[in-house]
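Below are two complexes that have chain A in common, paired first with chain B and then with chain C.
Up next is the complex of A and B:
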């Protein structure tokens, strides 16, 4: 009886072992097939796109891969393009920093005074349910087509992500850590320095990776709506001048910037994970 | 006395809102606050009332909700299909992995200008944006869910003579429902975000359009009124889904599983 039941319960472990052990040749052949199919899909999409756009009407609508590539190559050596990239990045980074500062400031008030938190919680929840993107026009009216209107908008959009993340992170801190410090006679400042700050910092680093795409989206959308510089403006310009290649290239560059930032932050996250206080 | 203590906080909150409104009215009437920057409560409520009376508010809300719900529905169905394939088929997962990573990491809202040029500024481009924004999220949730399904459950069902269809119905379908319901608040939030963004750009209806229209005329009162409507809908939607989630997932908490 024992022998018939045992393998059932162990199935997951068994397959995993098989995969980890990997019969070299078979796994290698499988990955080759995987890569072949991946390239085939990519080729089919790009080739189909290129083929359809031999028709000039389609070319005017969706652009053409070869033309997009040559445009991107022209942009890469154009200093105006790099200026746009740096402006979008600067907006995202400054806005994110402001949002984090505001969220941490509020949490620093709420944690010692829970009454404030209870008073504010319905208001924060209501505003949080609002699609933050809808606030972009408010900041444009207030600050015009300026750097400020973008960073304040991004800050507000980031505030809620960071606020809820850090708040729940702090709530979930292992009580025994705090209790141990209390027993050892720590002061409030020491508890903040040795438990709360490391916990928050670790959380912020991993959240940065998640929110970088968000901060960039917010920056590009608000540049798109009203601006005279940045990647979002480049996309808007392409649209206004009926140049779909510029729109596609702009979107592609935004995706590329976002993915590059994501990769870099993954590395940083891994580097810092070892001392993470969970 | 006990009820008084319990009521103290809500009363304080209502009082704070009223005080803020009063301060706003007093400040703009007295010229302390710039009406161009903050608008006035009277005109904001007036604008809201006008929109309710002439039907603009209802029409815009319905237009936004149409984009939101259609896109959400299509995106969820597609996401489940893709997620199921990724979760159940190792080869498919490996093949799609870089595409999913690329799509997941890129800011998808930015795709709208392309969709709008391609499909025009009608409803199709808007719905497609909502679909594109949530399909990856749903697919990822479903795929991880399918891979994490308790294998003992499947093996035990097989032992008791279940066929593929039985397993799909009795093991996968209930878990799928619980992940979808559990993630619906998040995906609806994304969908709302996408619908508003789509209406910002080259649209002539919807709540997003009302906000941008107010911006283009530099009329803060119109923006406030439109934002109030957006908040009301977002809040109602979130509340309804939360209620549904609690009801639908009651069994899972009672039985203690997941």
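Up next is the complex of A and C:
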């Protein structure tokens, strides 16, 4: 959903319309036509769905749009729903922060002492090659159906994403930047402050969108597996009570949260454009 | 003629290379980048080094800046040997070396801060330097908001700001279009005349070398060594925008090209 709608919308709606300038009428009409077709597709899908589910067998399998909508509306005014949303968000944010901190901590040891990296790299690679999702049950065994089991699971998943990203980012910093500061008489600490820290921050900012999507997914999955709170738990409940409307509504809300987070982070990304190394 | 090249004013050498060799180990054995390089540059002298691509011109600057160590010979700047990174020089790189996360004025202030100036003074000084390189009002822009020529101006301001007695320039204008380039060269000469650092300017553009320099050195095809020296007796101050139509300029360019051509052809013969 995110990936298809976003670039198309931006390309047609944003830059091209602006560039058309004087002939905005024509571009505008074209845009309107595109939106009309999109709405028609959406209408056809929802309408078809609604139509099929007049049959109760189908309704039991895939839910019904009108029922999903009324369920979502009920959720939106229910404080228990917002508690679930905030728990999922809190797990994602805490897990992300923990994973980032661990990854940066390790990198701060490995870069000045490459020998440590040489000892550890095969182990890091082995753990990284495990499918992270498969680790979720391990954390549930260790920490139970708790907030901790979620954030540690997310942290582990994030650790590898951040570790490999930042590490290769720092390794590939343009040597010229460093040489330039060397000749200018900088001290080692000054180079850390002026090159390595900003380069790491830049990488974190530019990867924030992907990372947060990852963290949210990890949160929902671990809630789905075992939990008594959160959006994933809501989906699991729907599944257990054989209520397809609740499952569909739950998935829809996860997508909406993820999309909202993504849009907000795009703003941050734009604001810190100069931090990104080409 | 021996390969020893003498500065115009002996006794005040800013740079002295004797018997310098630089080599790297590679899979196919030792690769010799430069060898038998003897060179002196007087203080306040503007020297250009031209040569075919890959002849080791840039290696010389790396050695002078202490970013690389010679395999043989001695490298001296301002009367003492270079040990470790040489912070007595300013280095203007071919590639952009500005910090992308710092504004133009912060980039210029950086070396001043490293040299112990307070933040406030460094920024004030940086603004003055930006104005000297004709970038008034661009101080708060980030590098990605500046054109290639403007970024080079910021880099020049940053390198001149801490007033090193030696400036090393590695094909600084090679990425710029011809018009921008000529204007940059002209402005560079004005700044140089005012502060009079010694300059070692690496270029593959012969006319650029002749236009800017007091002396032009020709390097041989790899492994590089200095095979020719030409004094440029064009009067200063020079107007580079007009110089290309000067008879003596053409004559000198032609003379140096005669020497350079052999090396360029040799490089091409080696590569094909």
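Definition applied: the second predicted complex is superposed on the first by the 247 of 278 C-alpha atoms of A that agree within 3 Å, B and C clash if a C-alpha of one lies under 4 Å from a C-alpha of the other, contacts with A are read in each partner's own complex, and residues count from 1 in each chain.
Here is the rule we use: a contact is a pair of C-beta atoms (placed from the backbone, for glycine too) under 8 Å apart; a residue touches a chain by one contact, two chains touch by 3 or more.
What you see is a predicted model; the values in this text were computed from it and never measured.
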{"item": "Touched partner set for A:110, first chain B, second chain C, both or neither", "value": "neither"}
{"item": "First (chain B), second (chain C), both or neither touched by A:221", "value": "first"}
{"item": "First (chain B), second (chain C), both or neither touched by A:202", "value": "second"}
{"item": "Comparing the two partners chain B and chain C, which touches a greater set of residues in chain A", "value": "B"}
{"item": "Which of chain B and chain C A:185 touches, first, second, both or neither", "value": "second"}
{"item": "Which superposed partner A:151 touches (first chain B, second chain C, both, neither)", "value": "neither"}
{"item": "Chain B versus chain C as contact partner of A:130, first or second or both or neither", "value": "first"}
{"item": "Overlap of chain C and chain B interfaces on chain A (superposed complexes)", "value": "none"}
{"item": "Partner chain C, residues of chain A touching it in the complex", "value": "174, 176-177, 179-187, 190, 194-195, 198, 202, 273-278"}
{"item": "Touch list for chain B against partner chain A, complex", "value": "9, 12-13, 16, 37, 91, 94-95, 98-99, 102, 105-111, 113-114, 116-118, 151-152, 155-156, 159, 189, 192-193, 195-197, 200-201, 207-208, 211-212, 214-215, 218, 220, 223, 226-227, 230-231, 234-235, 238"}
{"item": "Residues of chain A touching chain B in the complex", "value": "8-9, 11-12, 30-31, 33-34, 37-38, 41, 61-62, 118-119, 122-123, 126-127, 129-138, 140-142, 213-214, 216-217, 220-221, 224-226, 232, 235-236, 238-239, 244, 247-248, 250-251, 254-255, 258-259, 262"}
{"item": "Parts of chain C lying in touch with chain A, wherever the complex brings them together", "value": "65-67, 85-87, 89-91, 93, 95-97, 99-102, 110-111, 113-115, 142-144, 158, 162"}
